[in-house]
Amino acid sequence: MINKVVKDADTAIKDIQNGQTIMLGGFGLCGIPENCIQALLRKKVTDLTCISNNAGVDDFGIGLLLQQRQVKKMISSYVGENAEFERQLLSGELEVELIPQGTLATRCMAAGYGMPVIYTPAGVGTEVAIGKETRVFNRKEYLMEYAFDAEFAIVKAWKGDTAGNLIYKSTARNFNPVMAMAGKITIAEVEILVPAGELDPDQIHTPGIYVHRIFQGGNYEKRIEQRTVRIK
Amino acid sequence: MLDKNGIAKRIAKEVKDGMYVNLGIGIPTLVANYIPEGINVVLQSENGLLGMGPFPFEGEEDADLINAGKQTITTLAGSSIFDSAMSFGMIRAQKVDLTILGAMEVSENGDIANWKIPGKMVKGMGGAMDLVASAQNIIVAMQHVNKAGESKLLPNCTLPLTGVHCVKKIVTELAVLAVLENGGFQLLERAPGVSVAEIQAATAGKLLIEGDIPEMQL
Amino acid sequence: MINKVVKDADTAIKDIQNGQTIMLGGFGLCGIPENCIQALLRKKVTDLTCISNNAGVDDFGIGLLLQQRQVKKMISSYVGENAEFERQLLSGELEVELIPQGTLATRCMAAGYGMPVIYTPAGVGTEVAIGKETRVFNRKEYLMEYAFDAEFAIVKAWKGDTAGNLIYKSTARNFNPVMAMAGKITIAEVEILVPAGELDPDQIHTPGIYVHRIFQGGNYEKRIEQRTVRIK
Amino acid sequence: MLDKNGIAKRIAKEVKDGMYVNLGIGIPTLVANYIPEGINVVLQSENGLLGMGPFPFEGEEDADLINAGKQTITTLAGSSIFDSAMSFGMIRAQKVDLTILGAMEVSENGDIANWKIPGKMVKGMGGAMDLVASAQNIIVAMQHVNKAGESKLLPNCTLPLTGVHCVKKIVTELAVLAVLENGGFQLLERAPGVSVAEIQAATAGKLLIEGDIPEMQL
């Protein structure tokens, strides 16, 4: 097997350059690459285009990169929980491209599966369709959407092995597997890193071929956005 | 006139045994509380879960297990987890039988606007555009009029659209209405104590009233 | 949960009609729905169009359906191990459409993911491209290929639960998950059927939403085509 | 002149540390036996496996674990299993670094024919068309001439094509040749004991010979 292990988050992201496009896995604050975000904050790389379903909250997740003005453009489906985000957007400091969540996921998958474009009905007849090629198949109209082209994908998994194989836990899976497939270089941080051979080949969610660098992260906060409970 | 829970309760009657259902944020979420005993329904959460269960007991929250509203939830016996591409794949392939979501406006030809108010902060469409573009059966749960007292059932939407020609049925605090294939809101049921005239007054789009309009059974 | 269990293979396939299009999972003889194939033999349904990567061997798998002349057309990528197949093809009794293996898999996925068409470079410049729309993206030429439209998909999994969730074992996975997504009605036979709740939600390969009928099969022969071994 | 194992041995030198490699049926399969110690390579089998191991010990065959040639095989520590869509997805996305396959004919502009002889039984292309259309680095392992003594390195292929303008390198029993971007076979190495004249005589397509042609190091 090919060993994909790097020492830590700083090593993993060390060649990310100002102005590059990076994907960041997660849905809200669930399943986000906390260690790599911290390393990006330390590296102070700027003018990033970030492809991520959400933009974190003011003081956690991608929100921290926004606080440090490291993000030039966000490509997301929902960005609603972030006051600093709103300020930068309204002041023109931040570009935002909002796209449907399924389109976001499928444009990642297209990149990982070598498909140059995909067709989706999402956004037909809306402002999302402006400037896009449309086509009718079986009497239904679709938009043609391009595969993403991102220099780096940064994902978070639960377990991983030294060969780069990844297993996600529960709904922290979300965008991570499709982004893992889509980066020219894919960086994975995991809660538990094991030697190759300890994971069941049938249970791998992301095969190691898609993962270029892997390390075991630490100090996961895993903040909850909406703590909803019922009483016993 | 219904309160939010009343709207949810009425919509729950549209949920049939064996359905896979996606519930939007707000009133639609409440529908889960009123699904009758003996009706087997599977709730899809578009962040990657089939078989969404109730909120966890206090102290049992799992940060890795949330719904599309970012609320902590639970799984059920028979649940499955998948990635976002498969989640919207099954939505696009119309495997999800029923989508229930809120709206700011619905037009008489079934257009829906629920994601953006120009000039105000834009939060994004999330999965709503995918859901309304793909679902075969879309029910809107909303108030009949907005806070300014203006009808939300219009000849044409004034806000940026989420999807076109897709809403099949609307349940409000006043009425149940079908959106007709050739345009127009057909009044199906009145909320308890609400008159046809009140509904007519609150509906800006074309309203079709045929015969006696029954009162809702809740 | 919704209960998808049916009694047996005969019940599962009872409404498959002459002339319909069915997908059959498996690669060679690995991971094929043995029980449903036997039930199709008993039902003697004819003029089937079968979408399957291979056509079995003379006396096993889809080869048995060919022996009984139940197949009008095969859509496959490789059909080489079958003398009766060859005879029927050369005599004009059987139509065959040969398509690249990745195209076959991806046309299934397209159906399961609601994508009307996909683009693939496979077959560009070859006879596979004849009559097909081509398009250049990023200086590379692609063929436009349509999603399959099959009345039934019949798949074989290792374990399944009453809610229709499926887990495959080893390379018997192959085409089964993509075909499971692609049938208007999907029938799954499993070696082990368990009550909903016994499978880990994180390990499900095919969510039950894609599966309409499930039953526990029996008497699996699991024949090996090329028994290759090394000496201890 | 090389035998089949000699061809495989020479090709094995093209396999570099860290590569994901897809090996076709026939001579390419033999390449696995000659990958040097200390070189970490992962073999992809397009039916859905990364990390293909050797044949199982007798009695340990598993009908559920085969390669694309339908042979019983084993997994290795670090193997992963996936479905056919993902398998060809990673091939199309060029995650597989090197594809080694056999051919009936190769043309001087890199076209390859290896799946069909008109008039004879057609078995199908399997995954070959996907592999040659997507792989960035394709090495063909084949005999220099066919059984009738005719060259298989041609100005143009005469058989139905598998893919166009895709072969980068050819290793035969006589020689190692590069396919030039603008057309033509460039002779890189001679097999032990084989002269340039013999290679020239066996090559119907345009052959470029620049300077001294070294003998292969095996």
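The chains carry the letters A, B, C and D, assigned in the order they are written, with residues numbered from 1 in each.
Operating definition for what follows: a contact is a pair of C-beta atoms (placed from the backbone, for glycine too) under 8 Å apart; a residue touches a chain by one contact, two chains touch by 3 or more.
Keep in mind that what you see is a predicted model, and the values were worked out from it rather than measured.
Hopping across touching chains, the smallest step count from subunit B to subunit C is 1.
Between C-D and A-D, more C-beta contact pairs are found at C-D. Averaged Cα coordinates give subunit A a centre that lies 29 Å from the centre of subunit B.
We define each chain's centre as the mean of its Cα atoms; on that basis subunit A and subunit C are separated by 33 Å. Computed from the mean C-alpha positions, the centre of subunit A lies at a distance of 36 Å from the centre of subunit D.
Contact of a single residue of subunit C with at least two other chains is seen at positions 106, 113-115, 120-121, 168-170, 173, 201-202. Among all residues of subunit B, those that touch two or more other chains are 49, 75, 81-82, 85, 88-89, 91-92, 134. Under the stated contact rule, the graph of chain-to-chain touches falls outside the line, ring, star and complete shapes. Contact between chains, per the stated criterion, is found for A-B, A-C, A-D, B-C, C-D. Taken in their complex, subunit C has these residues touching subunit B: 1-3, 111-115, 161-163, 165, 181, 195-197, 201-202, 204, 207-210. Residues of subunit C that touch subunit A in their complex: 106, 113-121, 137-138, 140, 142, 167-170, 173, 201-203.
Across the complex, subunit A meets subunit B through its residues 27-31, 53, 76-80, 86, 89-90, 96, 98, 100-106, 108-109, 120-128, 158, 168-178, 205, 222-232.
Those residues of subunit B whose C-beta lies close enough to touch subunit C in the complex are 18, 20, 40-42, 44, 49-51, 75-82, 85-86, 88-96, 134. The part of subunit D that touches subunit C in the complex is made up of residues 45-49, 54-73, 75, 81-85, 87-89, 91-92, 111, 121-130, 133-134, 160-165.
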